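Chain IDs A, B and C follow the sequence of writing; residue 1 opens each chain.
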Amino acid sequence: MNTILDIKDLRVEYRNRAIGQTTKLAVNGLNLSVQPGEVFGFLGPNGAGKTTTMNVLLGFVNATSGSASLFGVDVREPIARQRIGYLPELTYYYKFLTAEELLRFYAKVFGIPRAETEKRIDELIKLVELEPARKRPIKSYSKGMQQRVGLAQALINNPDLLILDEPTSGLDPIGRMKVREIIQRLKNDGKTVFFSSHELGEVETVCDRVAILHQGELKVEGRVDDLMQKYKANLEQIFLRIIGYQPVAVS
Amino acid sequence: MNTIFALAQVVIKELYRRKDFYVLFILTVLITLLMASASIFHDDKIVRYLKDICLLLIWISALVMAVGTAARQIPAERENRTIFPLLAKPVSRAQVIAGKFLGCWLASGMALVVFYLFLGLVCASREHEWHVFIYLQALWLQWVFLAVIIALVLFGSVIFAAPSSNATISIVVVISIWFLGSHLNTVALQQAEPMRSIIYTIYFLIPHLEWYDIRDLVVHNRPLVSGTICGLATLYGAAYTGVFLFATWLCFRRKPLN
Amino acid sequence: MPAPCYILALLLTLCFTLATSLQLRMHSISTGTPSDDMLKAVLGDGRRMFANHYFVKADVYFHSGYYPSIFEQGAKAPANARHMVEEHHDEGGDHDEHEHEKAMDFLGQPKDWIDRFGRHFYSSTHSHLDKPGEAREILPWLRLSADLDPQRIETYTVAAYWLRGHLGKVDEAEQFLREGLRANPTSYEILFELGMLYSENHHDSSRARNLWELALRRWQDQDAVNRPSVLQRWEESKDVGDIQPDINIYLKIITQLALLEEGQGDLRQALHYRELEVKVSPLPELVQVEIDKLKQKLASPPISAPTK
């Protein structure tokens, strides 16, 4: 099986502009690979380096050293992004466009034929339940609605690999459920999903494999079942133990 | 190419959904009509001052619009983080720059057409003849002018962090080139040697934007600029546009985005 | 967002245009003074600067945009713009025309290819508004200039010259001159021009005479202490730059008076004016010829002297 997502010895340093400040090491010696058809959970506390890793995968940030590839193509080539869908962590879109227009624009960027575009837009809007708001400018949307638009645009090109940065943030319980269903369905269709999340219960139910990152370093990686067996605990307890959390005794 | 046009379309949509253009156009119309309604010695055939004022307003409006729009494009993409979902698609940064440029340029072209139509109407109502060709020529040259300006401002927008400072600096640079550029040789000849060569070098390096301003010829019913000359000026403008866009790409190519 | 700032800046710059245009409108409705005071209060001395700017603008229009910039220092801009009126009714115009041509050849040879190429895009040949009616194009700027600086006398005389002479708007010319006279009651230039209007357009010699005589008196009264010395200085050197315009108008007034009196048959009075003229004229020989002719006629009066 050929790897879909491959990260080798990735190291990312942010150079701080302020004088006198040193560089900030965000990711340190990360090795990771994701196989086709997997749902991969990318976990870690705030500031662990999850978003930074994803930014490298999408070519927004240059690796200080090491390499990353998607479908065997170096991430610096735009063509590597032809078959992926991406949902950024804080979603903002062109506020003056409507959801429909936004999706049409992204479809055009992918070179999707017009007739297919319209069909796809209808499907996606139904999927994320934005029917009543599809002709309203995005600036009039609530946070959760914007997150839904983000999810729709990530799926516009029917991608083989989805990179989702906290897809459930800002969503109501029904929305979360929906996202879980979508991920499940994508998995059934043979797609690969690579996503970060803080919802460990959710991760436990949908993920095949997880990786836990802490301060830029990979701490644990493996199949969810194996990990639970090994540590004899659920994912949340494993997570807390790995990042060294000591519960404060309350008397 | 499709990607570039799609990007351009978004820029154009943004522009006509904002109020800037309408405000500027209505202001121009109001001021021109107000000037036209003044009775000067009961003579209603006087037209050149109207052309002059209307063209001045058109130039100011077009410059403000082009600079404002172009200065905003890339910084707004970064600030609103819309660049992330965009670049996560198979879109290269060169395409982003080209699309933004094309969008700004086409949008300002459309605005120019509206403005010039109004100018034509005002003048025809007084002169009772249409000087169509000189208007077309003036429009075309102004559009080439705007191409250079937009490319310059885009270049500024990847260098300076804040769009407002970029816009201000660009406006100052453009206006000084526009009004002083053609006289730098005269100034240089009045200087002593080290300064002389420096000023002359600047004179040859800057884009000579004043060429594209043929308001004088339009206002005073002077003859058309010959086609060859017009074509050469267009090539010259295109070359500078290319240079600025290339410089923009060089700076933007490897810039980390966050 | 920079856009609002620019719109604000644009609005501010346009406010001035608007203010002046409103001013224009006010005039078409009534020659009201309140707006005048308001504008004065708002703009203060800047008015004069703008008035000058618009006056020059009229001259630029007169040359169809062909005009030296501040950088063409070799060229002396036709600063007082008198040529706007004189070119056409000077008898010795040929000479002046050449002078003016030379002064206006400020561009010279192109200095480099950019310079040469750039000349295609602006007015780079000398021309005047010669086509019938074209001269009307300079009027808005003169009107504006007068509104901004009512004390600028040339504005009235130049505008009136074109209005009555080339555009057939005698009433408007008279009205404008009278407006100028209200603002400058002692101006002999305006009085002279008004006299020209009565003489040439209304063929009303007696009013013309009254006006010119008044103009002459005003000329003599003005700066009364210096007048004699001005004349004296002139007679001595014939070329005193700063008083040249003053002398010119004086010459014009007395020449017109002499012609008028001669036409009306008052040869003695005509002779008196000619004798004044010969002292200051740049071409005294020609004037002397006139004087001799007059003297001859006086010596042998015709059988039936024309009576008025």
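We take it that contacts are C-beta pairs under 8 Å (C-beta built on N, C-alpha and C of every residue); 3 or more make two chains touch, one makes a residue touch a chain.
Computed from a prediction, not measured in an experiment: that's the story for all the values here.
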Chain nearest the overall C-alpha centroid of the shown protein atoms: B
Two chains sharing the most contacts, counting C-beta pairs only: B-C
Centroid spacing, where centroids are CA-atom means, of chain A and chain B in whole angstrom: 42
Chain centre separation (chain A, chain C; CA means) in Å: 80
Multi-partner residues of chain A (at least 2 other chains): none
Per-residue overlap in chain B, given as positions that touch at least 2 other chains: 18
Sites on chain B touched by chain A in the complex: 2-3, 5-7, 9-10, 13-14, 17-18, 80-82, 84-92, 254, 256-258
Parts of chain C lying in touch with chain B, wherever the complex brings them together: 1-3, 5-7, 10-11, 13-14, 17-18, 21-22, 24-25, 27-28, 61, 64-65, 69, 71-72, 111-112, 114-115, 117-118, 120-123, 133, 136-137, 139-141, 143, 159, 163, 167, 169, 172, 176
Residue numbers on chain B that touch chain C, as the complex places them: 18, 20, 23-24, 27, 31, 34-35, 37-43, 45-49, 53, 57, 60-61, 64, 67-68, 71-72, 141, 163-164, 167-168, 182-183, 185-187, 189, 203-204, 208, 210-214, 216-217, 219-222, 225-226, 229, 232-233
Interfacial residue positions of chain A with respect to chain B in the complex: 55, 58-62, 78-82, 84, 86-88, 90-97, 101, 105-106, 108-111, 150, 153-154, 157, 163
